[in-house]
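Naming follows writing order (A, B, C, D, E, F, G and H), and every chain is counted from residue 1.
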Amino acid sequence: MRSYRSVLEAIQLGELSVDEGLRELSQSAVEDIGFAQIDHDRTARRGFAEVVYCEGKTPEQSALIMARLAARGESNVLGTRATREVFELLKKEVPDAEYDDVARAVVVRRGEQASLGSVLVVAAGTSDLRVAEEAALTASLMGSHVERLYDVGVAGLHRLLRQLDRLRTARVLVVVAGMEGALLSVVAGLVDKPVIGVPTSVGYGAQLQGLTPMLGMLTSCVPGSSVVNIDNGFGAGYLANMINRLGEA
Amino acid sequence: MRSYRSVLEAIQLGELSVDEGLRELSQSAVEDIGFAQIDHDRTARRGFAEVVYCEGKTPEQSALIMARLAARGESNVLGTRATREVFELLKKEVPDAEYDDVARAVVVRRGEQASLGSVLVVAAGTSDLRVAEEAALTASLMGSHVERLYDVGVAGLHRLLRQLDRLRTARVLVVVAGMEGALLSVVAGLVDKPVIGVPTSVGYGAQLQGLTPMLGMLTSCVPGSSVVNIDNGFGAGYLANMINRLGEA
Amino acid sequence: MRSYRSVLEAIQLGELSVDEGLRELSQSAVEDIGFAQIDHDRTARRGFAEVVYCEGKTPEQSALIMARLAARGESNVLGTRATREVFELLKKEVPDAEYDDVARAVVVRRGEQASLGSVLVVAAGTSDLRVAEEAALTASLMGSHVERLYDVGVAGLHRLLRQLDRLRTARVLVVVAGMEGALLSVVAGLVDKPVIGVPTSVGYGAQLQGLTPMLGMLTSCVPGSSVVNIDNGFGAGYLANMINRLGEA
Amino acid sequence: MRSYRSVLEAIQLGELSVDEGLRELSQSAVEDIGFAQIDHDRTARRGFAEVVYCEGKTPEQSALIMARLAARGESNVLGTRATREVFELLKKEVPDAEYDDVARAVVVRRGEQASLGSVLVVAAGTSDLRVAEEAALTASLMGSHVERLYDVGVAGLHRLLRQLDRLRTARVLVVVAGMEGALLSVVAGLVDKPVIGVPTSVGYGAQLQGLTPMLGMLTSCVPGSSVVNIDNGFGAGYLANMINRLGEA
Amino acid sequence: MRSYRSVLEAIQLGELSVDEGLRELSQSAVEDIGFAQIDHDRTARRGFAEVVYCEGKTPEQSALIMARLAARGESNVLGTRATREVFELLKKEVPDAEYDDVARAVVVRRGEQASLGSVLVVAAGTSDLRVAEEAALTASLMGSHVERLYDVGVAGLHRLLRQLDRLRTARVLVVVAGMEGALLSVVAGLVDKPVIGVPTSVGYGAQLQGLTPMLGMLTSCVPGSSVVNIDNGFGAGYLANMINRLGEA
Amino acid sequence: MRSYRSVLEAIQLGELSVDEGLRELSQSAVEDIGFAQIDHDRTARRGFAEVVYCEGKTPEQSALIMARLAARGESNVLGTRATREVFELLKKEVPDAEYDDVARAVVVRRGEQASLGSVLVVAAGTSDLRVAEEAALTASLMGSHVERLYDVGVAGLHRLLRQLDRLRTARVLVVVAGMEGALLSVVAGLVDKPVIGVPTSVGYGAQLQGLTPMLGMLTSCVPGSSVVNIDNGFGAGYLANMINRLGEA
Amino acid sequence: MRSYRSVLEAIQLGELSVDEGLRELSQSAVEDIGFAQIDHDRTARRGFAEVVYCEGKTPEQSALIMARLAARGESNVLGTRATREVFELLKKEVPDAEYDDVARAVVVRRGEQASLGSVLVVAAGTSDLRVAEEAALTASLMGSHVERLYDVGVAGLHRLLRQLDRLRTARVLVVVAGMEGALLSVVAGLVDKPVIGVPTSVGYGAQLQGLTPMLGMLTSCVPGSSVVNIDNGFGAGYLANMINRLGEA
Amino acid sequence: MRSYRSVLEAIQLGELSVDEGLRELSQSAVEDIGFAQIDHDRTARRGFAEVVYCEGKTPEQSALIMARLAARGESNVLGTRATREVFELLKKEVPDAEYDDVARAVVVRRGEQASLGSVLVVAAGTSDLRVAEEAALTASLMGSHVERLYDVGVAGLHRLLRQLDRLRTARVLVVVAGMEGALLSVVAGLVDKPVIGVPTSVGYGAQLQGLTPMLGMLTSCVPGSSVVNIDNGFGAGYLANMINRLGEA
């Protein structure tokens, strides 16, 4: 939505009819395709196109929405939690679509690839890579330079400590950890930059499919961090890029 | 901790004895007062002095730790969840200590009051003010210019929408909400800046002392936000300032 | 059950024998088919035939019960959570049975299709359509005129606001939403009609298979709404029709 | 909010300046008193004035907001979860304010007392009366004729069955029950009208402060009912009146 | 409720008018005192008078209901979770009322004190005595001979094993245990009689106010036992007596 | 274990050697087959042979244990949660083994079929039959006469009330119910005999795989009932028989 | 319990009468004081006298049990969760009883003070001291030499790392931590000795009164540790001493 | 990590260059293979090589890491939760790798097989064997002599009591139990050695996939025990060996 005032002034000046104003106020940016109302205004409003969460949609629905977004060509298009089937369907319409196996994401590159500061994605263990890669891909696709630091869980603290310089030169950090998620507290205690915690569902029993590291990260004794949903690499990458962008202004 | 390399080089060059090196590496910044090891290095390492969480400590312990931090005079001192009793004890040692009734915090102003960009603290209802004010005080004390937008819960959406310009000019937003916490999703959907959600324990029954808005904020359908612990105004203000500072660099 | 008094008076007047009275009081409306006691009295007592919840029954059991209800011909017959196998079995006995793929329901149309007022089913995202369609089908089958407003989640608020007129002309609203379920509060705050919230299990992690939006909807800061079970489109449609019917009286 | 179109047309016609239009669009109905933004538009938008939830507010805040609402004189004013102290403060400003000890509510009667159809409040036990009376007071204050049927828990089913006629002549029913909350299913199975379940926190141990009847009511095997938050008599009464009003149209 | 048939036959025979029949069917046994409907029929229907659960009722309400039950004089009267204040109020009306400090119960002895078989109440620790005594008092008051075996938790198994004969001669056992509640499994494995488990809220942390032993007792690896609510000594004593009575038939 | 005294006296009298006494005290009744220690003493000690819970064991293990128990020939042998594969394996060794498809149980009849009093198994819906049949089979196999009353959930209360006589003539009742489990409270309120509640996992969403009816049954407002684990038809049938047997003594 | 064989042989030899044997087998070590059965055999069987958990007992009960244990004079006596009132009562009987304010424990020193190896109690923050001191007191009282390392939470990792030598020379470690409990993983990763984690209830919101660190410690990514109940300093100290003692053998 | 001091002194003495010192301090022991950083230092630091948790890793990743660890040849290599596919892949590289079907573990024997004291693994039922065998294999592989005592659940207490001598001669005990986990309390009450509880997910319904025995074991009324994660046989065996080793020193 652009500001109410500018639309109203245009109408007062006769530059806009009432019906145009109405459309301007809310409608132009929405494309109704029956089962979905595509939010084409999102790039302007939020800085990145609508991202398609493919789980729970049929492959046809996911592919169709992404094809429409790609057709606008305003910014990169991202489909998360996408099966290969979604990708195959989309590729027929959008031949330059790509698929990332580890991150389970479909990508169509459309916006320019600005390279902002540096986001560091830190992962506790090899089992956390899917989520870490989803975060890295998302931030990268939205314009951030991304570095990776993997398998540095607190069981072998020296693996992390020897990378202190890399930790401290990043502008924003994403910490991906399953089990008890202690890595977030340890990392946040070593840097003076924002740290985004992503609990993962890696573990069993009392790990409660990720609830335990999620709760642990939320009650971390170290300030300067915040938390996104379990396994939500996308959300962490999106937010990391948003913060990173601030450092460029 | 400064980098390992610089300490080792200094020892090699004879600029530092082994014992000095050891101290340099880890010890100088810690003051041991028996029941606590005060982390005087934190200003250098993390950009702000150790913040004292007063709950669970005796008033005497809280006051003593804050007095020591104030004596260093390196940055502002903050004690959260502090009773008035803590304040009274501290005041005897540090006459310019202040007490904030709403935020339940003790403050000693020592660092310069830089004024960075703008953090907007948004609160859903009047009952959320204690937490909102803790966030505002913290961010302000650490150097951020803070604005407030209170009582704009989604029950009367127009109260929020008429403030769209204020929402969109902030560099970082903190959204404080109890009940179901829907305000985070609504605000995050309207701006293109990082939004930090603070669920509060305001509500009853199925609100589960804040677990419900916490879980809701974590599963928000709008990316660009992250979450801190229930009622953790301090953590939100701390992180907001950290992000805000990036925008100055 | 008809009123006790009328049965007793008939017995006093000799119009009914004791045994007839006993049957009248409780038995006539129940057909015992071994594994089930079909409640044929329900149309009279509750305004709609017994609805068959097919999950947990064998396909044979489900089909048999629906065939018996259809044979009474008193009102439309509805089987929810039905597999296609149930439908195929039923079709052999009841050739005009229909199957709704999205709502996963079997239908036999028997009652007249009265068209009462208007129920508006609002769904947050494309992934919520199965539940939304179950609600729409149920209300429609029971006599309500049903309208649909889909994919209007709070991430793009203008998609919802531009439909304000449709929201405000409905007599009853059903809001179907997964993730954090914030849509219920937003919609309920915009209308002065009853709103029924249906949390869905769409989401992951902290969404807890729908518990999070369920709890959120229950603690909504906006009065005028109430909640049914997770994914219970049927219950919402049933209740919406019941309320809608009041508006006709 | 009145419809966007009418405001825009008035501006086009010169009947409204841009600034007036802006105010018209969103601002006029909001009174900013610092810690709260009073939503005076709510009577028009939702059919009843903003209701003040007093818990978590200081008594002074609660009393001030209610005094402002009373001053508008547009409809009855209701403050829930109010202590007697709130009442005493308000009374100084609004001498005809009333206090209901059982429902813990403050009332200022301002709107006319329309008497719509009939809402029946059913309570399982004597311990549930506080919640039941909050529901009854709310619905009554908003214009409904309210009847009460108390202490009819399922432990003595005949107490309920002998009142079958009263159950069946109500237009909307509110069922208030603690313990396991079985009363909702039993009542909903006997009537063909909407039933609103209010779980209460009455009980101990596995009752989990009301979570158990809340969950039980949500999974009731009887359709035609929905649920509000634990102990939320206000929400049930509000919704019951909203539904009841439909029957008058 | 007496059987439907006998009432109907009496009406047919003219022995009963319709109105008498109606009353006979459901009403005679209920005394309406405004906030409560006293179920005087319960002695006939269930073998013991209505028991008054005093928590959540005002002392006046509790005392009044018990006074009415005592006035019927049909069986012993029991008020559980009663404060001394309830007792003092009741005593003014019913001078022979008694108060049991440990079990927190008020008693009026009216029925004859039949002495059936033997119920053995086993308690794990001294902290569980309040609940154990509530069970013992209840069973005793309803006619059972009650024996006690206290402080025989599994930490010192020989304290229990040396009482094997007492365990094996009881007709029904009630096992009261907090902490992890392991005593139920151990006792049930040693006897061939029904064992009723009562989890108590004795413990802290992971004991979850009794949820842990409750869940543990429900998943006991030893069949022949069942469970009542946390701290529900009354329910266990009531059921134990009911079972014990069977052994007399 | 027989009583300590009798063994010791036999030793003193020279009737038993020390080694015989040791065996007598604990060992004779246990057969060690490597992965299991079969408890052949259980018939004597607890009145029925060890029952084999087949889930989590390999089919070979289950079949072998049951074959050993059958070889003793002392009482009927029961294997619960058994797949058909277990049955096929067992049949090779024990040709007269039987399989019950609905109850998922393997049976070998060895003890005499005493017919004690009457256990009534009441089930709320058709989906609860597996659990109900497990209860019925178990009680029957252990010597009880079993009656069944199925599909009498509270949604159609008259289906239950017309069977009042059957409810009241049973000596023990087992109530099997999923959804919210309200049937337990209703049944227990109508009879003066012990009622055992079996919550089932039938339902979805807020039903929480049976936790909701389990919690509801535990907090039932009607005394005289107790609860076993979710879907534990076996435990209920075992206990019902144990209680039923008391009525024969 | 001494071994069955030795008792039986003594009886066979006529050295013991049957009654003496019975007593020998189980009874001699138990002193029955009505509400409690004091387990005097525990020193022999488990290496330390019965420890009295005072919560839930009346002060009189607690004091009486401890006085009896002290009278035996076999080992030190410990009462945990004891109020000062318990201490005052006990002191009248046992003048050399002591009270530890921080650990909330009553102590009577009776056994000799052996000094075994070294137990290191590590605490994350000042707020965890009560629990840490309970652990330290318990282990010390049972014979272990105890060292303390307090306020070394992971927020300032260098405070811990500079104490690496102390961490590595301990024979057993107890790690006491609230908030998210990450300290356990960090410490366990640095040493090759058993580490016992004690989660504390220090924190708020998502800390869930200690459940979060408890779950986190249980799912720690570092092996070599185990966990006791929330705030259970006693249990940790008891176990640490038990392990420490092994190192002496 | 060796002590800081020794590295610094070596640098001061010129025995080590700065770069060597840096490597010495932290890096030499880490092998970076892209997706993982293998912690070769762990044998020195913690007494056993890094153990590979195979769940969540691809078979290729698991096999590669183990092959690298085996190549070092310093100690036995263990991969837990390994599928047979992992084993087949590893075998190509390491022909003497072994697979344990019951414990689901891959083993490469490299270290010498020291035989320390005795660890006793006690399992409640046959269904718990997978977890028990994981514990036994782990402890054995790390150097402990391991004994097994299986199928001694509390349902037949004499099966356990007749093994009292074996219980009491072990140096450390691991108790593996599902259902309600009562076996831990019973065993811990009989011995004076450390007991490690391993709750298993064996059971259903209220067993909550192992949460119930986990919570029960944590709240055990018997001190001297501690708990590891659900089904974590590996963690229990690892810790048992660590404690056992103390007894050798």
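In this text, a residue touches a chain if its C-beta (ideal position, glycine included) is under 8 Å from a C-beta of that chain, and two chains touch if they have at least 3 such contacts.
To keep track of the chains, here are their UniProt names: A, B, C, D, E, F, G, H = Nickel pincer cofactor biosynthesis protein LarB.
What you see is a predicted model, and the numbers here were worked out from it, not measured in a lab.
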Those chains which touch chain H and also touch chain D: A, B, E, F
Contacts common to chain A and chain G (chain labels): B, H
Reference chain A; chain at largest CA-centroid distance: E
Winner on C-beta contact pairs when B-G is weighed against A-B: A-B
Where chain C and chain E are represented by their mean Cα positions, the distance between them in whole Å: 41
Euclidean distance of C-alpha centroids - chain D vs chain E, Å: 38
Centroid distance [mean C-alpha coordinates] between chain F and chain B, Å: 58
Rounded Å distance between chain A and chain F, as computed from the means of their C-alpha atoms: 53
Chain B residues counted as touching two or more neighbouring chains: 1, 4, 22, 25-26, 125, 155-156, 189-190, 205-207, 211, 214, 218-219, 229-230
Interchain contacts, given as pairs of chains that touch: A-B, A-C, A-D, A-G, A-H, B-C, B-D, B-G, B-H, C-D, C-E, C-F, D-E, D-F, E-F, E-G, E-H, F-G, F-H, G-H
Touch list for chain E against partner chain G, complex: 125-129, 150-152, 155-156, 158-159, 161-162, 178, 202, 204-207
Contact set on chain F toward chain D in their complex: 124-125, 153-157, 179-182, 185-186, 189-190, 203, 205-208, 211-213, 215-222
In the complex with chain B, residue positions of chain H that touch it: 4-5, 8-9, 11-12, 17-18, 21-22, 25-26
Of chain F, residues touching chain H in the complex: 1, 25-27, 29-30, 35-37, 39, 41-42, 50, 53, 55-57, 61, 65, 199, 201, 209-211, 214, 229-232
Interfacial residue positions of chain C with respect to chain D in the complex: 1, 3-4, 45-47, 51, 164-165, 171-172, 189-194, 196, 214, 218-219, 223-230, 234-236, 238-239, 242-244, 246-247, 249
